[in-house]
Amino acid sequence: MPTLYNRIQGRNLERLAALSDGIFAVAMTLLVLDLHIPSAAQIHSESGLLAALAALGPQWITYAMSFLTLGIFWAGQQTQLNHIAEGARDLTWIHLGFLFAITLLPFSTRLLAEFIVYRAALGVYWLNILAPGAMLYWSWAYATRTHLIKADTPEEVRASICKRILIAQSLYAAGAVLCFIATWVSIAAIVLVQLNYALAPRLRLRKRR
Amino acid sequence: MPTLYNRIQGRNLERLAALSDGIFAVAMTLLVLDLHIPSAAQIHSESGLLAALAALGPQWITYAMSFLTLGIFWAGQQTQLNHIAEGARDLTWIHLGFLFAITLLPFSTRLLAEFIVYRAALGVYWLNILAPGAMLYWSWAYATRTHLIKADTPEEVRASICKRILIAQSLYAAGAVLCFIATWVSIAAIVLVQLNYALAPRLRLRKRR
Amino acid sequence: MPTLYNRIQGRNLERLAALSDGIFAVAMTLLVLDLHIPSAAQIHSESGLLAALAALGPQWITYAMSFLTLGIFWAGQQTQLNHIAEGARDLTWIHLGFLFAITLLPFSTRLLAEFIVYRAALGVYWLNILAPGAMLYWSWAYATRTHLIKADTPEEVRASICKRILIAQSLYAAGAVLCFIATWVSIAAIVLVQLNYALAPRLRLRKRR
Amino acid sequence: MPTLYNRIQGRNLERLAALSDGIFAVAMTLLVLDLHIPSAAQIHSESGLLAALAALGPQWITYAMSFLTLGIFWAGQQTQLNHIAEGARDLTWIHLGFLFAITLLPFSTRLLAEFIVYRAALGVYWLNILAPGAMLYWSWAYATRTHLIKADTPEEVRASICKRILIAQSLYAAGAVLCFIATWVSIAAIVLVQLNYALAPRLRLRKRR
């Protein structure tokens, strides 16, 4: 009987997409709650306010990096779901695991902003990039194995989704390892990888057209 | 005249689904606001930061348990709504009651994380699992009685949705009673029941295929 | 030229519905952030914790009342939009005004919870019930005048939507006036009116079937 | 291979619309978290509470202005997306950039409310109006160049969307420059421009019908 229930559960991909959009929207907007404005008691001039804003630098970098991370995972999940024909209970729970990792990102971001020179904070942040990537890989492998992928999806698209995750995660891991030089080298490398995924391919595409 | 108004109110199941997805998304993401990062003033080394993160243990357990709870109820409500043909004013208000209980979960979670050895906190948390379960049971009973269920829903599916709620709630209640031994026994039992619903049936299904 | 732009703006009722569901979902969930858990430093026993929870009474009443308020307005707006055939720029801005009032409700709720014996706090809360009601009335009047209502909407439905708002707001206003006896009389009256709209008609309907 | 992946990524305009609605909904509702209620310790009478609420004046003005800003950009983005036939990876990232600027608005609002007489705070706020406007302009230019706009969109509509952004941003910039007289002159000018876009065209339209 539980197996009957499990067969009817979680079939609705639209609901999964709506829950995901909601979680990404809240996570993206919550990040900004950690951008604290300067304390009014310590500001006495225009230049003082500008200096106080500039001092928020490390917070801004982690904030922008986290928004990029969220954007990349949102686009990646969307691409997968666009190619999946129907939902299934297990797929839903894999994506709930993915979303669990996403909800933790505001925590990792806050931790990294506060302890930006600590390798432990960077390690936690990297784990928070690794985990959703692993869940998305699992999701695609599961959908492939259980024939949930839309029939009209070409073989090279199926392969490219897996390769994309593996290459991106390898680059992130390489970036994370650089923290043994210094955490800021690591952060710079991760941001560059992210910007490559968000911006650079567009430039390349434009040249071809 | 109010009865005319009531007949035209709350017919839109998509709006109900969208409101529910929004509330679950916010509740799932708000939980993480209670994961406080260690205070920078007390951390002086990498190992100190790792120790401080490990000390957040109880918070992590209640956080993960609450995410599981939310995921289970989200999937359960979705399954019901997938089988309901059209909305009705009363059904909408039953689900608003369900969502009311869901919005309280971040409160119960915070309470349990702060007072993890107190039976009173565990009791409140358990009531917060019981209440949405009861509302979902009422919702299905109401939809059955007023013929709102899709005509193509087989009889065994109708029965399995009720049974599922009763069995799950019995297990949660049994888990809650264990708090008279110790609250951590109770929490472990509830998490095991939840993991059974999230993970175990998948393993079983996989064997059959 | 601006009038051309205004003719093409805000036509998408689904986007308006999605924004509204998002705002209601966040507002409903944010309310619970104001339910503060007791301070761990002051709790030394199970009964102490239970007593501290009971002392949160006034907060719970305003919380539940605000959830009811939000639910009633969400259902009311949904009913209107279900009967509107197409969007229009002006209608969109009337509903943005409605949503503006909705986003203020967590503020009014906090104010009333903190100053529950003050008539000024109750007055602000009542204004926060009056404003969205007035916007919904304006929305329906506007949609009627500009022929945006679905052609198959019977005349008595059109009338009942206006009447419903007028009667409900008259009852709320009568309840608010009772604050000159005492604010708790006023709150009790408003909650009773709300419960009447959420629960009582269901009982009546059930008798007829 | 990345170019293949990029061709299949971000095609789903509904997901983009849903994410946007979520982010706008959260941003609109989070603004109210900064409306702090008066401290109970300092209020001893009804008139004291009314005076304390009146003293919140500057916070209310920035709050209402930010809600207007969000409403205007939400309506503007919606109008664009209504005329776009299909999604594309690059368009998605342009809109993620737009949404990034939107998530910063609660920060700029808080900054301006706290430092309302500082030109630096007003400058940051103005940049936060300029940035999403620039992204929307870029989005429309990109969609035009890559033929993503619906075929049935008349030429004058295409032109009016660009002109609208340029005129509005010129007026905002002119308003911002007035801060060299005083920041409140600047704020008043920006609010008047916003009210013009939200209210005035409606009055004009009404006369013609």
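Worth pointing out:
As written, the chains take the letters A, B, C and D, and residue 1 is the first residue of each chain.
Just so it is clear, a residue touches a chain if its C-beta (ideal position, glycine included) is under 8 Å from a C-beta of that chain, and two chains touch if they have at least 3 such contacts.
These figures come from a predicted structure and were not determined experimentally.
Different-residue interface: chain C and chain D share under half of the residue numbers found at their contact. Per-chain Cα centroids separate chain A from chain C by 35 Å.
Centroids of chain B and chain C (each the mean of its C-alpha atoms) stand 25 Å apart.
Shared contact sites, meaning residues of chain C that touch two or more other chains, fall at 18, 21-22, 25-26, 30. Arrangement of the chains shown, judged by which pairs touch: all-to-all, with no pair of chains left without contact. The residues of chain C lying in touch with chain B in their complex are 17-18, 21-22, 24-26, 28-33, 35, 37, 40, 43, 46, 49-50, 53, 64, 67, 71, 74-76, 78-79, 81-83, 156-157, 160-161, 163-164, 198-199, 201-202, 204-205, 208.
Chain C contributes residues 22, 25-26 to its touches with chain A in the complex.
Chain contact summary for the complex, chain A toward chain B: residues 1-6, 8-12, 15, 18-19, 21-23, 25-27, 30, 89-90, 92-93, 96, 99-100, 103-104, 106-107, 110-111, 114-115, 118-121, 124, 146.
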